[in-house]
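Let me begin by handing over the structure; questions about it come next.
A, B and C are the chain letters, set down in written order, and residue numbers restart from 1 in every chain.
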Amino acid sequence: MDEVLLPLTGHRKTMEWNLRGAFAAPLAPIIVVLLGLFAVFTKYNDSNATDAHVQRYYVFYTHVSIMVFVGFGFLMTFLRRYSYSAVGLNFFTSCLVMLEAILVVGAVQQVVWGSAAAGKIEVDLPLLIDAGFCAAAAMISFGAVLGKLSPTQLTFLLLLEVPLYAINQHLVFDTFKALDIGGSMSIHAFGAYYGLAASLVLCGPGSGSSHLKNGASYTSDMTAMIGTIFLWIFWPSFNGALASNPAAVATGGVQFQFHCIINTIIALLGACVSTFAASAAYDGKFNMVHIQNATLAGGVAIGSAANMKILPGGALLVGVLAGVLSTTGYKYIAPTLEAKIALRDTCGVHNLHGMPGVLGGLAAAAASALAFSANEPILRHGKQQWLYQLLALAVTLAIALVGGALAGTLVRLCSPARHTLGPELMYEDGVFWEEVEAEEGEDWHGGAATNGTNGISM
Amino acid sequence: MDEVLLPLTGHRKTMEWNLRGAFAAPLAPIIVVLLGLFAVFTKYNDSNATDAHVQRYYVFYTHVSIMVFVGFGFLMTFLRRYSYSAVGLNFFTSCLVMLEAILVVGAVQQVVWGSAAAGKIEVDLPLLIDAGFCAAAAMISFGAVLGKLSPTQLTFLLLLEVPLYAINQHLVFDTFKALDIGGSMSIHAFGAYYGLAASLVLCGPGSGSSHLKNGASYTSDMTAMIGTIFLWIFWPSFNGALASNPAAVATGGVQFQFHCIINTIIALLGACVSTFAASAAYDGKFNMVHIQNATLAGGVAIGSAANMKILPGGALLVGVLAGVLSTTGYKYIAPTLEAKIALRDTCGVHNLHGMPGVLGGLAAAAASALAFSANEPILRHGKQQWLYQLLALAVTLAIALVGGALAGTLVRLCSPARHTLGPELMYEDGVFWEEVEAEEGEDWHGGAATNGTNGISM
Amino acid sequence: MDEVLLPLTGHRKTMEWNLRGAFAAPLAPIIVVLLGLFAVFTKYNDSNATDAHVQRYYVFYTHVSIMVFVGFGFLMTFLRRYSYSAVGLNFFTSCLVMLEAILVVGAVQQVVWGSAAAGKIEVDLPLLIDAGFCAAAAMISFGAVLGKLSPTQLTFLLLLEVPLYAINQHLVFDTFKALDIGGSMSIHAFGAYYGLAASLVLCGPGSGSSHLKNGASYTSDMTAMIGTIFLWIFWPSFNGALASNPAAVATGGVQFQFHCIINTIIALLGACVSTFAASAAYDGKFNMVHIQNATLAGGVAIGSAANMKILPGGALLVGVLAGVLSTTGYKYIAPTLEAKIALRDTCGVHNLHGMPGVLGGLAAAAASALAFSANEPILRHGKQQWLYQLLALAVTLAIALVGGALAGTLVRLCSPARHTLGPELMYEDGVFWEEVEAEEGEDWHGGAATNGTNGISM
């Protein structure tokens, strides 16, 4: 059986989607290439094969993994007919992106602009944490297009993101020497705007918030809360995972990881509390979408300045503002953007990662401008640090937006019509997964429903 | 739209509850006050800004967070129509309580009875762990009233708990120098009896175990098991989080955290096994309520004596007894208390935290009286230690019961009638959350169901 | 009320199963014996009561616990009518097995073939981790018979597994001095083939894959994914938990834990990616059974060789192959084995633990034969190491298969007819749990359904 996807006529009888040719066929050579590149270009970083290295980094690596695979994976299961795909494609694409990132981020850090003598990428835990960060950025991008792309389109969109991520990371940290320890700019804003630009290019009419299947059930909202709670708990580890780098600490003379963790915890406490207040104020009831997402905005927004001594009160202020900003985004800004510029953002990553990421970048610039003396050692540009912070933010947004639009265009051009989802197949696990029962009164598997409701409303 | 809650007549047509005025309005100034107090009264404890401090405490902090937010949060989702509120209000109130506890517990420890020079509270990881412990006590109290209070009533009830918790903690540990490393008394018994006393005052007829919605579904019992399993796994961290305190270890000359962890693991193994035996013996089948709760009683009961050298066999005995006691509580004691003194205890916190907490206090007193010589260094009162243990237990119960009753009365007096839930609105997410569908044959949103079943039976 | 289970006639009216006599009665004396043995034969290993010991092992202990209780527990909830039993019996039997393993594995290591002076078992964290490993092996065996045994039969089958596990572990590690740090052979292959042999003996016609209840629902597949994702994240800890043993490291002169962790992470990344490719290639769609299981095969297969310097490329190759092998097992091999030799394997442990475990053993033998010079210090037999690896594998398979068949036979012979599940009671929580509603159109509680469908098809 080969791929059979009939054109979008009114009464198609067979709406089969065969992943053998559409997915397995292009994936197989990618795996072979990865095997070859790993064999030729990687080795262990045996200078780090010590107890101290494992004790310093491994727990943080597991926490970052929880963020990526449990956190983003289950948060995206909120769609009542797309939970398999959410957690499954999150799992698959995160692994593929991490493998690519070990090679690409590793090459950028160690070979292209590094000093690796033998031209080999040396694998150790910080590199794997960086690969996890890259997967986090990719999963944020995934959130913008969740439910609207085929697995193959999604895979290529995210594979294209990795080199841009690596180059931007190099510019932010090495070229501009900007502060962004938790990745407000380089992970959250980058991932969000890359995904949003791609969504503008790839996701057309009928795929937006009024799609009948673009919604939650009681059960899917509960599995999504698993993601939220684990993200919330382990966010301090995300922001602080690489903050104990011995060299960095030596430069500064203070222990940045301590401040990273304290600041992030307090910002998250503030964001949760302010989100509940804002959600109740806006809607008169609590809104699960707000609670699942905006409670986390404190972790995003504190990211750039997390290792600065902004004081517990400063961290709380950033968190409270981020929660309100993000809730406002879900309530008012996202609907406006969808109406005005056709920005269709399934998970609202603009509200959780985009705007709070920019807020985080601005907060770090402001904190740099206020020039807390104790932070001076980490302000590599002294009094001018705030300028480089803004530069890093601007470059990140530019690369993400242009890169996402180009990558989206490329994916669009390379997708045969039969590999492009029409709205009637969106937000629906049954198209790509075995043994998913149709919803009552619907027959997506065998064709458009006879009663006229085929999952499209807008 | 303003709050509209019609009086409890037979056929109300609009049963709207507007959280804008009832919740967001009082919460907003609280957030502003928190921001001000944090700005004025907190700073980092920079003497702890070291790698060693982070490695000693941070992992335990994350485990305590898992207990509070995943553990208690999901355990309480067992109610089939109240899962959003369980995990959501657990999330919100835990964050608010932690922020308050940083200030109040911090002030009690460092300023009121401490030696903080500048009058500032110094934030570090042990203080945040203590704030998590305080939130655990509050979530235990929440369990007693789960489903029966409005979000605003719940919030104020738990905000009032924090100062009492802080004072009692000071009395137990500093005044009486009692052993209670895992908080059998100061966290579990305190939280349980505070909540139970409040429930007696606040939760009237019709709100008890025979309420039609006070029950589980197959799915909600599964999400509750997520809470149980994570609580069970991380309980050794809860009991041992602060047991490696360098000063305390120096006093004792032995490494208490090691014994804390070993004892708690073995007690929990025993409680799980004995709970399954007791549940089968009592009911002829396994009962999910027993399995979700009593399996954890070993962690509660070993708490006070966890850092004593009671030997693996002693820990196993405590655990086995706790499992049987707790199962017996659920099967026989709780129904009796509900029938005799109208004690309505949604989660059965009396069975899981109340009685096992008292058992834990008594176990530590007994172990002290037996005066294991090896433990002498941590017995600050030598042979008289058991007296101080009993004193700490008695004072804890008194403060919790009187405090809970007074706080409950205060909440009751300050609640306008329109902000008090009648039984027909209890155990129901739809009252406070957007987009929750009504159960079949029920119309809680638009008024009492015409078929006469509106969720009340008792 | 006593146990009443009528013989398998066409129209039984009462199909009650009473766990009071069948389960609680035999369990009570077991608990008493455990209490006695713990009191007499265990003490703390106080030479390990140090900060360093706790920091070296405790986090890994919690991760192994997550694997056993969250991982295996929730993975097995995929059966739509057996989720309570999956997570509940996993919880209970794991605890019971761990208590037994502390005694039995402890005795084998320290007393029988050890040097414990006083004849006491000294409890510390490595012994508890070993107890967790033993529970993991038992849970793998559970997977082969999931849904088909009574709780009592299951309990005794797994209790009988522990001494065999302990003896085999001693042979593999101490007698043959084989490499098997992550237990590909001694945990995964052992547990799988023990369970499969028992299944051949215990699970008759009508209990196989075509049983009407031997399947998932949308919700149960999601709770199973919780298990999968947590297993996947914490597998590096499972393989590396005991790899930092100071003595072992001293022998080798390199830090094996570092390589264990890196190799396992990369193998798991590879297995996830290749599983998605293979699933799509075989079925044309993604298959939840493959994704939930085969993605983990990389962790199994890398286990024996994880602390060898097989390079990142070697680890990736092992992972990719394991994912494909395991998916092939689910798709083609398992149905063949069920058809040809009546091997009924509910969770497909042959595909996830059996074959990948053997692959892992062979991979370590091959790596030993290739004699990476850097690994020589851990190759206790030098150039002959590969022979001892194969010997360890063969002995493991023999003990597991013969032991499982004998244990299964013993359980079968000792089970009264009334304590043996007929197919009409299999895969059904309602038989053993309170308050489980019957499926639509079915009346398992009160007897065989009148419409003729009573859960059996094959």
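Side notes on the structure shown:
In this section, a contact is a pair of C-beta atoms (placed from the backbone, for glycine too) under 8 Å apart; a residue touches a chain by one contact, two chains touch by 3 or more.
All values reported here derive from a predicted model rather than from experimental measurement.
Chain C is reached from chain A by a rotation of 120°, derived from superposing Cα atoms (nearest 5).
In this structure chain A contacts its sequence twin chain B using mostly different residue numbers, the overlap staying below half. In this assembly, the C-alpha centroid of chain A lies 34 Å from the C-alpha centroid of chain B. Annotation for chain A: residues touching 2 or more other chains are 55, 59, 219, 226.
Residues 55-56, 59, 63, 216, 218-219, 221-222, 225-226, 229-230, 232-234, 236-237, 244, 249, 254-255, 257-259, 261-262, 265-266, 268-270, 272-274, 276-278, 280-281, 283-288, 291, 295, 309, 311-314, 316-317, 320 of chain C touch chain A in their complex.
On the chain B side of its complex with chain A, the touching residues are 1, 16-20, 23-24, 27-28, 31, 34-35, 38-40, 42-44, 46, 48-51, 53-55, 58-59, 61-62, 65-66, 69-70, 73-74, 77, 83-84, 87-88, 91-92, 95-96, 98-99, 102, 123-125, 128, 151, 219, 223, 226, 432-437.
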